[in-house]
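Consider the two complexes below, in which chain A is the common component and chain B and chain C are the respective partners.
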Partner chain A sequence: MSELRENPVNEYLRLDRLPSIWCPGCGIGTTVNCFTRALTESKLDLDKVAIVSGIGCTGRVAGYMNLDSFHTTHGRAIPFATGLKLANPDLKVVVYSGDGDLSAIGGNHLVHAARRNADLLVVCVNNFTYGMTGGQVTPTTPISAVASTTPYGAYEETFNLPNLMDACGAVYVARWTAFHVRQIAKSMGEGLKKKGFRFIEIIAPCPTLYLRRNKLGDGLDEMKYYKEKSVVKNGADTREVGLDYHDKIVVGKFVDRERPTLEEAMDKRFTDVLGAKYVPYTSPGKQPLA
Partner chain B sequence: MSIPEAAPTSKREVEQVETVTIRFVGDSGDGMQVIGSEFTKASALAGNDLSTFPDFPAEIRAPAGSLAGVSGYQVHLGGRTVYTPGDAPDVLVAMNPAALKTNIQDLRLGGMLIVNSGAFNEANLEKALYKKNPLEDDALKKNYRVVPVEMNTLTQHALEGSGLSSKEVARCKNYFALGMLYFLYGRPTEPQVQSIRAKFTKKPEFADANIKVFQAGHAFAETSELFVNTYRVPAAKLRPGLYRNVTGNQATALGLAAAAKLSGRQVFLGSYPITPATEILQESSYFKEMNVVTYQAEDEIAGIGSAIGASFGGAIGCTTTSGPGLALKSEMIGLAVILELPLVVVNVQRGGPSTGMPTKTEQADLLMALFGRHGEAPMPVLAAKSPGDCFYSAMEAVRIAIKWMTPVLLLTDGYLGFGSEPFRIPEEGELQPFAVKYQTTPNYEGGKFMPYLRDAKLIRPWAVPGTPGLEHRVGGLEKDSLSGMVSYDGMNHEKMVKTRAQKIANVVEDVPDLEVFGPAKGEVLLLSWGGTFGSVRASAEALHGKSVAHAHLRWLNPMPRNTGEVLRSYRKVLVPEVNNGQLALYVRAMFPGIDPLQHNRINGKALNISEIVAKVNELLG
Partner chain C sequence: MTTGTATKKEKKFRGIVVINHASCKGCAFCVEFCPTKALALEKGFNAKGYHPPYLATPELCNGCDMCGLFCPDFAIFGYREKLEQAA
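Then we have the complex of A and B:
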């Protein structure tokens, strides 16, 4: 009999906090496995990676990772992360949160962080609903899908998140479904390496609320749907990747470009104007003691 | 205390009990909320007065079998008025070790423990951090009447050959427990069978399975000799009428809808989901034929913003939220105060600060409701006292907001919002309409319209944009006391601040005097507000015959005119609250010389009657 080996992702997880709060078949855990894989492959010093999340089922990711983490308030992960990064330029800062948290209450912060090109990797788990509060409609809930606050079906036009992020100036934009574990891990790896505002949307099942209410079966059925209905189109025009209810899902890496980050732009401006008088900010730990 | 052993006879005594408190506890996936509410419905049909409270984890699904994943439902039913879901349960139905561990300490000494012994396997015991099986512990049997039932196996037996998977079979066992209780409390089974059929119309195989299991539970209790007695709770003398069981949140939604009808104006509810307030928005989103419009905004600020916009447009703007959301709305409430437009803000309080304890109750937003704004921004604040009272409080909040052209803050809490009680549906004509009068003609010399020209009560007119000749500008800058045009004149500002404050003080004409339950003078006055009404009134009843009275504040701002006089009629005032003493602090400030004593519990639960009684007895010496 072969020796039992420890699960390779364990190193990254707070085992004392497990099992997790997530329902059976929930897609969030799958994305976390991908993230731990990306971390391993990135060979980053884990002491230099911090994870920030808002509130929601996805927001709980921060609590399970064996990294410095910050479980903030609903919708505001990006402002906290922006401050953390500016004050500690050596850190890799990852924002991990849900579609509602990032694009509804946090929508304003999302678009401005992309515009500024804040140096953050944002992972958005899009399950088309507010999971934590019991399944209300979100800005991504497809038209006609039932949610607890749209008992007669959703009717508002939705956000096409990759297109939104592209338009706001994100330097890296990708979308995958929870079925595409290898591709997610690869994208996350690229995202961890790159600088500037990187955005990865992951379509994931919420069997307990979204699937059940829309009679779409369980997590496994949803995976089958992802497998059958997703089309990989790297470099697709983001205007054409909007989602309709239970229809085709265009996935892939849509945007990968370079642009000065917020810090770089700031440093350049101050150096141009102030010259040697400008003292760039360094992480508090590196500051000489007065 | 000696606990009778099970009687070895099938001829059981039928014991009449005046009230009984039953708590169902199990894993989040065990269906405790379902059987709790089904048993509640049966009790309501039997004419009992009742009060319920569900207690569930903040997570949608905490790990199966874990301590954090325990979900419970408590119902207190009686042949007389029932004020609270009950302190200590008389009967505890526990479906697994974690549920036993987290609840057994609440069971009344000598109470009945019906426990699913089949779930006490090694894995579950470990998850509940039990070193050995507690059911084998003598102490348990000494303190409680323990009825171990192999519900897992019995459910499997009942469903042999049903073709269901073992997982599906396991999911039916809650109905086994329910069947037993139906027998114990003499509830007719037929309505329950119907109800299961209705619940699973689309999946008749599940209906059949659950009915079988329910009947098996009933038959088991009848034939097994584990139960000494059966029990009957007589019908309560409720006021005649048509009743339905409502949670506080449903009642709030219905109250707002009723206000739309009584005022003849549209209710516009602009909200953002947040536990424990979400249900009001969800419930209202069904009311498409009741002149209620719901709008789920992208955040709390947009929710209240849309509501204020709707009010400017002539609708009744409402917004519902909980602590963190109220904090976000506070800038906008300031705007509503300076605009003087009607607006109802419902805050269903939860454990704070920040994300705190979302599913647990607390009364810690009182001071924020009263004072938590920038600038001088007084507004009327009232609090509901029971789930059913949320209906009347919501209606009253709308009436006051419209009449006085002001934002009104209604406080409820998670205990009221999630809790339920039978609610008598008011009859046609029983509720007073409060027609809205918009300004339609100029109100000033020369055919002009002055939006801040007030009547004798200091109320300004409400003119809907688009009314010919009544164009007017409103906004957040300080405004001239007549025309409403922007004014930076310091003395005008002072005048406006004082005028707005006086207007809110005038609302007292709509605030009924404080009523006292018990002696008009004496030793101890219990003073409560909001959701603690039930516990405090039940305590006062328990202290009947002693020099103890109870007064309950529905209105926090303005307070009833006679409040000071009532407080001064007792040697001691005791304020029980689920916070660190906020009403007590407020009373000290408002009535110098009165220094209330405090009883504070901040554990996410309602106050215990026995604790309040003990505290009062201590004060009585």
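Then we have the complex of A and C:
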């Protein structure tokens, strides 16, 4: 007969922290499921995986996952993660945060980490609003969408995050919605294997602030809309994947290329200039004594 | 062999769904996106006042774990149990 089974996600979670703070119909938990599936598939040593989050609803992921994790100050997930990776190159560092944290408050860090090709996997859960602080407008809020700071509808031009990351030189850029669970898991698996700055944008519903203010129904209605209105275009030109208010969503893997990472570029430059005098840094405890 | 109609291909496994009622928030993602539409929301409430799902038509469930992949609150998962072949 069947024995009592446990949810396969449980081994990756800090169960004492659950239930989560996420609202009913929020898509962040779904993306966490996909991430755990990707971790299982990748067969990585979990002691060598670190997850870093900023502030916000998505920022809670670092607290709920039973990995080495750090919950940084607002917008500073990427600088912390870059330092973590440079100090301990054996680690797989994942940055898991929201659109407000990564693209607004940490926008400068996002741009420069992509430019330098820091060896990070960045998962950006984009719900078009600041969910935790009361639904303020973010750089990704589509024009005409209502937020608490734009009661007559947003009027600023929005960030097209895949295009921004493509232009900055990210080696892997993909976008999915919370409906595309299998594709997210596959994309995250590819991201975990690759080296360099990998960026995955996941469009997720925010039922309490974004959807309710814009009278778009609840989380389930938004998921049905993702199912209907998303178009898979792998390898699409990222200039043409911008998002309009409640319009079609182009999803897929847009960019997959190779470029020397920050550490590789540094090692190459110093070896060229200093020759044998330069000893590349490996990891703590493995350095030759001076 | 009681009827003359063609016998259905014998199933090699059955799908089982495990639901943790306490952590469900009643978002109904599992019900909506179940590929075989085997789940439905209960009439009753859990302790938090949400309607948790239940396996309405167990014979439809194939244990694909799509519900487990969708559930934002880690409250449901499915798996396949091998059936012993009838001799």
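For this structure, a couple of remarks:
Following the convention adopted for this analysis, the second predicted complex is superposed on the first by the 280 of 290 C-alpha atoms of A that agree within 3 Å, B and C clash if a C-alpha of one lies under 4 Å from a C-alpha of the other, contacts with A are read in each partner's own complex, and residues count from 1 in each chain.
Keep this in mind: a residue touches a chain if its C-beta (ideal position, glycine included) is under 8 Å from a C-beta of that chain, and two chains touch if they have at least 3 such contacts.
Predicted model only: the values in this text are computed from it and were never measured.
When the shared chain is aligned, chain C comes close enough to touch A:30, but chain B does not.
Within the superposed three-chain model, A:208 lies in touch with chain B and out of touch with chain C [touch as defined at top]. When both complexes are overlaid on chain A, the residue A:20 reaches chain B and chain C alike.
Of the two partner chains placed by the overlay, neither chain B nor chain C lies in contact with A:86. Once the two complexes are overlaid on the shared chain, A:143 sits clear of chain B and of chain C alike. By the document's definition of touching, of the two partners only chain C reaches A:10; chain B does not. In the superposition on chain A, contact of A:44 is made with neither chain B nor chain C.
The residues of chain A shared by its contacts with chain B and with chain C are 19-20, 22-24. Of all the residues in chain A, the ones that touch chain C in their complex are 2, 5, 7-10, 13, 18-20, 22-30, 32-34, 37, 179, 181-182, 185, 218-220, 223-224.
The touching residues of chain C, when paired with chain A in their complex, are 16, 18, 20, 23, 25-29, 32-33, 50, 65-66, 68-74, 77, 79, 81. Residues of chain B touching chain A in their complex: 59-63, 66, 68, 272-275, 278, 281-282, 285-286, 288, 294, 296, 298-300, 324, 354-355.
If you check the complex, the residues on chain A that touch chain B are 19-24, 55, 57, 73-75, 104-105, 107, 130-134, 136-137, 139, 148-152, 208-209.
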